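Note that the chains take the letters A, B, C and D in the order they are written out, and that residue 1 is the start of every chain.
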Amino acid sequence: MSFNTFGRALRLTTWGESHGPAIGCVLDGCPPGLAISEEEIRAELARRATGRSRHTSQRREKDEVKILSGMFEGRTTGTPISLFIENTDARSRDYSEISRQYRPGHADFTYDAKYGTRDYRGGGRSSARETTMRVAAGAIARKWLKQEYDIGIQGWLAQLGPIRTDEQRDWDVVDDSPFFVPSTDIVPELEGFMDALRKSGDSVGARVNCRAWNVPAGLGEPVYGKLDADLATAMMSINATKGVEIGAGFDSVAQKGTEHRDEMTPEGFLGNQAGGILGGISSGQEVVVSVAFKPTSSLRIPCRSIDVDGQPIEVVTKGRHDPCVGIRATPIVEAMMALTLMDHVLRHRGQIGT
Amino acid sequence: MSFNTFGRALRLTTWGESHGPAIGCVLDGCPPGLAISEEEIRAELARRATGRSRHTSQRREKDEVKILSGMFEGRTTGTPISLFIENTDARSRDYSEISRQYRPGHADFTYDAKYGTRDYRGGGRSSARETTMRVAAGAIARKWLKQEYDIGIQGWLAQLGPIRTDEQRDWDVVDDSPFFVPSTDIVPELEGFMDALRKSGDSVGARVNCRAWNVPAGLGEPVYGKLDADLATAMMSINATKGVEIGAGFDSVAQKGTEHRDEMTPEGFLGNQAGGILGGISSGQEVVVSVAFKPTSSLRIPCRSIDVDGQPIEVVTKGRHDPCVGIRATPIVEAMMALTLMDHVLRHRGQIGT
Amino acid sequence: MSFNTFGRALRLTTWGESHGPAIGCVLDGCPPGLAISEEEIRAELARRATGRSRHTSQRREKDEVKILSGMFEGRTTGTPISLFIENTDARSRDYSEISRQYRPGHADFTYDAKYGTRDYRGGGRSSARETTMRVAAGAIARKWLKQEYDIGIQGWLAQLGPIRTDEQRDWDVVDDSPFFVPSTDIVPELEGFMDALRKSGDSVGARVNCRAWNVPAGLGEPVYGKLDADLATAMMSINATKGVEIGAGFDSVAQKGTEHRDEMTPEGFLGNQAGGILGGISSGQEVVVSVAFKPTSSLRIPCRSIDVDGQPIEVVTKGRHDPCVGIRATPIVEAMMALTLMDHVLRHRGQIGT
Amino acid sequence: MSFNTFGRALRLTTWGESHGPAIGCVLDGCPPGLAISEEEIRAELARRATGRSRHTSQRREKDEVKILSGMFEGRTTGTPISLFIENTDARSRDYSEISRQYRPGHADFTYDAKYGTRDYRGGGRSSARETTMRVAAGAIARKWLKQEYDIGIQGWLAQLGPIRTDEQRDWDVVDDSPFFVPSTDIVPELEGFMDALRKSGDSVGARVNCRAWNVPAGLGEPVYGKLDADLATAMMSINATKGVEIGAGFDSVAQKGTEHRDEMTPEGFLGNQAGGILGGISSGQEVVVSVAFKPTSSLRIPCRSIDVDGQPIEVVTKGRHDPCVGIRATPIVEAMMALTLMDHVLRHRGQIGT
């Protein structure tokens, strides 16, 4: 079985391989009447784009997204929205070597185990290129949430390898930051770190946080449709994710109950250890999620592996790769937050009625 | 909308409130031919049972699970399996106070926000009692996985509040341990800690880990049906969960790529930072997940809150509550691992065919 | 795979075999606040009950339905509603013969082909007893639709074997009719027909129609969630159904376009060939569906068949069987109409919002 | 809510409007290893194509379908298959009149009721053009079923308006027939009928039958995933469908049980009133379905209607329209049969395992 659809009332289905002719998605379930343009979606894609700074990889896709359906006279009609991007920068090269190698940390081996075959050009379906369509569809969800409920979503890089990056939190600078950090002061340190990292040929992981405000209380369904459970699957479905936290997350392990439980007053909650979700349902506080990204496995530093015949080989990855995939994961995390919240808003409205 | 079903090819639907007449579940999709008895399911429930040690709460349910359908002559028939437990220990008491209070850290406020009503007796649907049915259904999945694929599943308490509990890993002692820890040496320390904690009236969080071995390579679906994404939603759907990790989890944030990528040799992988999953698909290594549980919010230490009219109140929780819910979460985590793996085995077999 | 769930926003999962200890269902997705009692559900079940007249079979279940969850102080809470009926009239008998026989027209052979096993007592899961839970859950949907939208649902027997039964349409008499026919005049003819049929040992088919009024325009989703497509699967899922029509149905084959298209005026539509659905979406007219039920296959007239070893046998069915299953299918058809409409109302409300 | 996905293990999601830039679909769940080319899909599309004979409408799309993903070196990879067709024959015209009119028998009124807006160019999403993608995806399912199980599928026109067209059944001539009829003798009569019909400006309905052979026994899931229930929704989801029958269908209403029940012998069944499905599960006999299509509502004969303001108008449809949409529905019915059967094969294999 193959499964490439996310969501229940708002459903995103993505398709396409890194080096195929195009990638795309179908977003089904968006209510009618939302005004949105290709330009607005492209603006969101530009935030994720490779080549954004010298710290991310050099593949340069224009990401000229086209809206092929579901719109009429500039507004959504309620029918499925098809988004489409041609792959223009899929450089033709010799894949004979890579076709027989299993790169450690990649999905080469597991795709072969599952399917008995794989499209080895550029990672095929397991390429991070798939996340482009999440950001494109997420742009629609973001705009809808903003317009209908004034919900805002803000992601940021909270840790880059060993460096905590969000002790200072100046939200206004995140979007202009080459690292999506809420601080300008820390940028020189990060640049130095990345330059050294690149020189070493190694890579690091990252932590990306995301918060959403003005989320109405009542989103989420008890037990198996919990808002936090749906956020967990949303985030874990992003390439390279190894962990997801809500609110205090793993810190809650060592917390006392008196520390963790957010007391309430007529003026509101006195803390947000819960991350805006209690019993799987939003409380009206900020919804806060944190996501761990592993370090890129594609390195020019050689490593041991096997080929498709099980023979030992040495793998050296060439080509364009980010030394920290987490840097440009911020817009992807935001997109998954937006898609999850919009799905839950639609699900909740069915129940409450008019 | 309400959503109380987990899984796709194997679907678990649970129902019932803590203080209603009964709780139960329907497990749909189990293949025919599995021999399983009520006794085997009860044995699994006994592991989770309240009252197991003096460190867990004193509610004593017999959990006399009954199989009401889907079995014939001791074997599953392929039709839906209905499991049923009467609530016998739902003590009758005066709920007039609790009916008007929002307990911090609980789902009282959010259920009211969502539904405009709630069954306040014992937490209603948001009670941890719901997890009983996960363990019951999980017992069926565990047996099937063991029999068909020799898959084994082992959970354990890895951290209790501030105390790391699994530095020594003697798997044989876990099931006899009052704390589900893989060590007998650490038990006195844990007992001392829990006694002091109980005296203080406070509570702590916990970390529960779980590993599954003999999982065939190839389980999981690219992109939105990833095995790790489905494990994430499975674990985050358990009451009190605040975080989920696969393999290295949040440690991978500070790792170098050379550290994290598990090299391969003809003899196998040289590490398991990946936690047995690459690109969302099992690699044949041990599948390893780690789950953060928050500290119990029900404390006899008073705290500030509001009532249903928004007026300030002081809340003191009476009654039977675990000072660390994580202690008996181990069988629940195992059950969700079993249900997720069995679901994915069935999904995968559809594709590979005979 | 096994699949026992109907609906998307309102989901009915049924379980149980004819001769097991109990049957039941879980209705998930019902909004909070609906007042409904066990008595109201039982009243609906009584309409379907066996033993209603001398023309239906003699099995006498009391159908003492119990509501085990999802209710609090007489109202739904929004959490899953568990309905439960003990099987009290599952007479113990010798099944050794039937266990080895494939009865023509029954699911014996196909269950064995699918599962390699079957619960042969009373038809097991394929027994019409399963439909009891549809009627029970349908009673909840009916009341909700009535209360929230003043939607009414009326089924009737339109044809009994060769006899057209609804040329006269006096809706007030249907519910008191032993045949669910909208006419008292035709009852003697039907009684004579049934008496002769019973004497002959044979059986006949039936046509049941159902209409729903006050259905708001706009229900149904283009393409694969069409209201008529969902009604078709709803009706075809009832035991013994062989055909489903919407509006003019198969008569539309021989119609001219000028005949079929329902002209519109400011006062409304001038006809209802469409059966209240255009392009898969309700038009505000009466939704009209017609369902064909095959004749009972269980006859005391012998027939040729094979046993589980493929050897030729003669089958004679003993026991209690309706010579026309269609007679008491009317409440089942109504229930499936109610469940489908309520599901679509909830789905539609998610989109239109507040 | 909008829902544009069909199937469970094999999922087809279609998108696109009649007069938008393109239409397409995503077929998710096809196992790896199937060799299929764009040419093979185009051949199937050519069977459905408009302009096939003078009896179908004159819109001439080339239907140059492209496969954009899910294939590698000529074979499916197990990842989602994206099919894409540019709309080249969407003539630009003045829509100001049609934008304000509700055409009787069309979805104009109901789309507005549901969404408050509609893409009125050529019917938008409700156009029969959507069915192109069913045929394209169905071509993949057909080839897979043929190759893996030697399953064959044959549809035919069984009735054209008042004329029964399949009394003679010469299967070899169907595919070359301008009417998809299994007889050459009847073609002159049909041509005469259609010529007169066109002259009159009116339209008629049609009945399309479809049979599938070599379908293994055991497909279908009890109760709500019945094979016949899934075929019913598959067929009813096709534009203009008003009825669906399995096997004897509505004829079974007047049948005796002794007539209907298909007796069994060691050599096989002695009849196929059941249409190859018993208890919702395939029996190994031919699966037989019959579908009623209503007459085209777009006529040059004027009719009464209302405009978007509720004012009375007269509607006359101009442009290219088939006087009998049923004629080219045959490949669509076959496609839905193929998609349903393949979905059920994959679902069933999950259960039976290796």
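Throughout what follows, a contact is a pair of C-beta atoms (placed from the backbone, for glycine too) under 8 Å apart; a residue touches a chain by one contact, two chains touch by 3 or more.
Owing to the predicted nature of the structure, the values given are computational and were not obtained by experimental measurement.
Steps from chain B to chain D, taking the shortest chain of touch contacts, total 1.
Ranked by separation of Cα centres from chain B, the top chain is D. Each chain gets one centre point, the mean of its Cα atoms, and the points for chain A and chain D are 38 Å apart.
A straight line joining the Cα centres of chain C and chain D is 27 Å long.
If each chain is reduced to the centroid of its CA atoms, chain A and chain C end up 46 Å from each other. Each of residues 1-5, 9, 14, 29, 32, 78-79, 114, 125, 222, 346-348, 350-351 in chain D touches at least two other chains. Those residues of chain B that touch chain C in the shared complex are 1-5, 9, 11, 13-17, 20-24, 26, 28-30, 32-33, 66, 68-70, 72, 75, 77-82, 84, 114-119, 124-125, 346, 350. In the complex of the two chains, the chain D residues touching chain C come out as 1-6, 8-9, 12, 14, 102, 104-107, 109-111, 113-114, 125-126, 130, 159, 161-162, 202-207, 217-226, 228-237, 239, 241-250, 252-266, 270, 273-275, 277-284, 292-299, 301, 303-306, 310-312, 323, 326, 347-348, 350-351.
Those residues of chain A that touch chain C in the complex are listed here as 9, 29, 31-32, 78-79, 148, 222, 346-354.
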